[in-house]
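Both of the next two complexes hold subunit A, though its partner changes from subunit B to subunit C.
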Partner chain A sequence: MFKFLLKGVFRDRHRWLFPVLIVMFTVGLLVFSFSFLEGYKQSYLRQTSRFNTGHLKVVSRAYAEMLDLKPYDLALLDIAGELQGYKARYPQLDWVERINFGALLDVPDEMGNTRVQGEVAGFAIDIFTDDSEIKRLQLDSALRSGRLPARSGEILLSTIAAEKMQIAPSDTITLMGSTVFGAMTMQNFMVSGTVEFGIASLDQGAVVVDIQDVREMLDMENAAGEILAFFKSGEYERKQAARIMQDFNQRYSDESDEFSPVMLRLEDQGSMGYILAMLDLSVLWMSIGFITVLGIVLWNAGLLNGIRRYGEFGVRLAIGESKRRVYAALLIEGLIVGTTGALIGVILGSAICIYFNRYGMDMSVYNRNSTMLSENVLYTSINAYAIIASFIPGVLSTVLGAALAGGAIFKRQTSQLFKELET
Partner chain B sequence: MKEVIAKIENMSKAFPTGEGDFWALKNINLEFLKGEFSGFVGPSGSGKTTLLNILGSLDTPSKGKVEVLGNKIQELNQRQASNLRSEHLGFIFQTYNLLPVYNVYENVEFPLLLLRMDAGTRDRMVKEAIEWVGLMDKIKSRPNQLSGGQCQRVAIARAMVKKPDLVLADEPTANLDTENSLNILDTMLNLNKELGTSFIFSTHDPKVIQYLRRIIRLTDGEVASDDPAPGI
Partner chain C sequence: MKKLFSLIMLMPLLVCAQNITADEIVRAVDRNMITRTSKANVRMTVHSRRASRTMEMISYSQGNDEAFSEYLSPPREKGTKMLKLGDDLWIYDPGTDRSIQISGNMLKQSVMGSDLSYEDMMEETHLLENYQAELKGEIKYDGRECWIIELKAKSSGVSYFKRKAYIDKERYVALYEEWYAKSGKLLKTIKASEVKRVSNRWYPTKMVFKDELKQGKGTEYIIDSIEIDLTLPAHIFSKAMLKK
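After this line comes the complex of A and B, so read on.
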């Protein structure tokens, strides 16, 4: 009987073409949308954790109060010993020290007078101890001209800032700022190269400096604005992060001491938690929206198809098929059509996702004025959830459409369906 | 003594209308014997099709009793009515009503699929039925590739394939020309003789009437006469 129904479905274009096309496109679109959003979320998490939040972050309690301002005058002091303790207690984490600071970049002319000045966001990392930070921030691939700093006194400058201020590698610039004690400070650096991270907020005007140079410049010996921790697996592990944070804060943090360290998870920092929740919610709302629209469209398609087939139902009832069996056959047809459309849709959507996963999508136009740490090239991230969450609504929509449309079989008298044979 | 296959006692059928009930059939009393080739004859609106529908368990009487092959139509639930139709009754319609997406073989096979027969038996019975109506050369054709007469032959094969006890034929020649009508009627008469299947027609076509062995004339929902055909 199933084979018989299968033949009937695929020989009658009216029964399968429109629903299969609708389901196929919608499921394909859903797979792509889920993968796009997941890719965006992963990209955002990756970039934000690399450049800003880490998977976990240790700062002073006072610094945590004004986390978005990155007040390096509230930095953690005398951290060398403490850091050794953290590394021993939490071996699953990689630890790095960072200082974020704001400075004025002054470019002199041939006479030594100021040619141009501009504000830059200073980003102090450990460049010379090992190459872990260079790898983490992918400085090699971000380098657009010149080379990476090879010795103290060399810095990297973002390409856009370099172009705006007409600075080339090997030019000397001066960074002017204030020390942790509020005194004015300035120091000359040589620009070893220019970088472009593909993150609009960084590429507008950032300098990457070795943390030791910055400590000297800002009078922050053995201090760090932030200590970032990354899971060695490279992936953010939410549950483990919560456990580590709880343990750390119980062990090391003191509520009565504003300079005692406090650990924050990625989602506890700034609006990260809200943004991640919004991204998750948008996936949910998108699913509900698509399923609703798809259900209504297919319900209507099912109704129209059902009306067209009342005559056929009448014949089948007359031949001896029960209403229940006719209804079940309609549901099976819905299942066949939905499964076919959803399968093709998943294949189509996955193929597009795999393409964009490999080659990426240039999002630089949309990121131009963005303050969020999202990559200019976005890679879709396809996973089992995207496929299941797209496939199931695709199948359900046709089955539900058929179930609603087929209700008329039960509402109508058998003799009425039979009479409609003649119309 | 021939077996009674259908019995109607004091049966009436009403349809609700805006101005009260409309009685389409009034106090009908009839008996049909096995192997009959009979028909309801009358103008449109005389109640022929309604009577045929009730005999076919597609509808139920408002009053009285109808018994078909031992089944009390007024007491059957939907499943029992479906079983009666699928196992014992065959239908032939004015507009053939073949399933357009299936070919001749598959259309004839459909009633046997409902009876859950094994593939081998099904194949033998389908081919036998198609042979009865002389359409073996069209076995793979779809209804839109057949003439009206051929379609009605397929419909006869579909009604006869399970060798039902009773075939109900509603205006089976209404859409056919004279030659095809006579061919169809000859085919049905042969099957009636060879297989002993009872046929009840609903018709006002003189070509059909001349084939009937018993003519039941209906007027305004009542039996006006019930006579053997002239010459029987």
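After this line comes the complex of A and C, so read on.
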């Protein structure tokens, strides 16, 4: 029976060509869209955790209230001892200290007067203890000119800011800001190189400075604005993160002390939770939307096909085939067409995804004015979910289309069929 | 003799106190507060959310346009100098040996973590140039009879769209001020106290500035000693003085 139907479908081009093409195109698009969204989500998570949130983050309770503003005047002070304790208690995590600060970058002329100045976002990391932060932030590949800081007093400047202010490697600049207690502070630095992270919000005007230099400048000895923790596996482990956070806050956080430490998960920070939920929801809505649209299109195709095959159905009913059997045959035909289209769609979609997974897509044009921490080159991420979530709607849509269109068979009267056969 | 002279000068205002207009009150305040020259030893205590910090400085001023101050303590701030010449403001940092001009958005930043911004420091004190004054009533504040004066900005160029001040009827000193944004949001409050006789003027020697958008207990500005209308050498108000 199945073989018979298979031959029937593929010997009549009108029965398979249009539906297979539609399903193939849509499933391919669905595979690509899921992979693109997953790639975007992973890129966003990766970049955001590296540069901003960590997998977990420890800040003071007062700091946590204004987390997005990164108020380093509410930083954790004298934290060295506590940090050793955290490292011992949670050995599955890598811990790093960071300070984010705002400053005025002033470039002197030959006379020492201001030649040009601009506001910059300071990003203090541990550059000299080991190379873990250099690797984490991929500073080597972000370097566009000059070299990485080799000693205290050297900084990296974003390429755009350097070009705007006509600063070259080995130029001396002054950073002016406020200490943790609000007093004005200035420090001279030498620009050792320029960097471009491919992240619009950082590339607009950031300076990367060693945390020890910044501690000295901002009067923050043994202090950190934020302590970031990363799972040693490199991947964000949601359930484990929740357990660690609960344990940490029970152990170290004191609600009555606004400067006591509090741990936050990645999704607790800013709008991260909302953004991740929206990305997950968009995948679900995309699936529902595609099934609905595809179902309607294939229903119409099925109806047209059904009208074309009125005569055939008439003969089959007239020679004694039951309506139920004709209807079942129609559904199996839908299944054959859907499976074929979906298979080709998955293969084509996957091929495109694998290409973009390897070579990436240049998204820099769209990121230019974006404040989201997403990479300029986006790599699609294909996984089993993307394939299954695209394949099933592809098959279901043709079966659904055939089921809706084939409903007309049950409304047909045998006498009417004979009349149609005569004409 | 000076006291007698100032009393004679203020007499017409005292006599006509009942019929005085808002403009006249504001002019009298300006006459009292704006000095030809001054030299003051000042302590500024910033009560931030985290800690309190006291800085000592010596300040010189000449009219409205020129001011120079040098921080004497604590050690981290010692030697920091600020120079205001008209609309320009420079800061000298001895650690880097750099003089940096403060402009643009930086003017909105806090001065040494205090509740005052550089913009507040730069503001001209002839209030009637920028504000329309209106007498809103009377109030007893801190045991003193005061007028309530409301000042509304004539143009959008000023930092604070509206100000409300309680002016001491007898001494022409603003004892309490509220500074508002155009939206009506209260931005800053200033409480003046310990009003003392200095030469022929009344001068508040303690002021508490509070940035209402910041947590903390405000900034105390205490004048330990002040000399008014003295002769100051011209070089004090020059950029060369910053690196001296």
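As a working rule, the second predicted complex is superposed on the first by the 418 of 423 C-alpha atoms of A that agree within 3 Å, B and C clash if a C-alpha of one lies under 4 Å from a C-alpha of the other, contacts with A are read in each partner's own complex, and residues count from 1 in each chain.
The rule we apply is simple: contacts are C-beta pairs under 8 Å (C-beta built on N, C-alpha and C of every residue); 3 or more make two chains touch, one makes a residue touch a chain.
As the structure is a prediction and not an experimental result, all values here were calculated from the model.
Undergrad: After aligning the two structures on subunit A, examine subunit B and subunit C and state clash or fit.
TA: fit
Undergrad: Now for A:Ser170: first (subunit B), second (subunit C), both, or neither, which partner does it touch?
TA: neither
Undergrad: Once the structures are superposed on A, label A:Gly320 by its partner contacts, choosing first (subunit B), second (subunit C), both or neither.
TA: In the superposition, A:Gly320 touches subunit B alone.
Undergrad: With the two complexes superposed on chain A, say which partner A:Thr179 touches: subunit B (first), subunit C (second), both, or neither.
TA: In the superposition, A:Thr179 touches subunit C alone.
Undergrad: In the superposed arrangement, does A:Gln187 touch subunit B (first), subunit C (second), both or neither?
TA: second
Undergrad: Just subunit B (first), just subunit C (second), both, or neither: which does A:Asn300 touch?
TA: neither
Undergrad: Would you check which partner chain A:Gln92 touches, where first means subunit B only, second means subunit C only, and both and neither mean what they say?
TA: So A:Gln92 meets neither subunit B nor subunit C here.
Undergrad: Now for A:Gln138: first (subunit B), second (subunit C), both, or neither, which partner does it touch?
TA: A:Gln138: touches no partner chain.
Undergrad: Once the shared chain is lined up, is A:Glu119 touching subunit B (first), subunit C (second), both, or neither of them?
TA: Touch status of A:Glu119: second partner only.
Undergrad: With the two structures placed on a shared chain A, what shortest C-alpha distance in Å links subunit B and subunit C?
TA: Shortest inter-chain C-alpha distance (subunit B to subunit C): 77 Å.
Undergrad: What residues on subunit A does subunit C touch that subunit B touches too?
TA: Subunit A residues touching both partners: none found.
Undergrad: Tell me, which parts of subunit B touch subunit A in their complex?
TA: 53, 56, 58-59, 78-79, 81-87, 89, 91, 93-95, 97, 99-102, 106, 109-111, 113-114, 158
Undergrad: Applying the document's contact rule, which stretches of subunit A touch subunit B when the two form their complex?
TA: Residues in contact with subunit B: 1, 4, 7-8, 11-12, 311-312, 314-325, 413-415, 418, 421-422.
Undergrad: Report the residues of subunit C in contact with subunit A in the complex, numbered from low to high.
TA: The touching residues are 46, 48-51, 53, 55, 76-77, 80, 91, 93, 95-101, 103, 105-106, 109-114.
Undergrad: Going by the contact rule set out above, which residues of subunit A touch subunit C in the complex?
TA: So the residues of subunit A in touch with subunit C come to 62, 73-74, 104, 106, 108, 112-114, 117, 119, 174, 176, 178-188, 219, 259.
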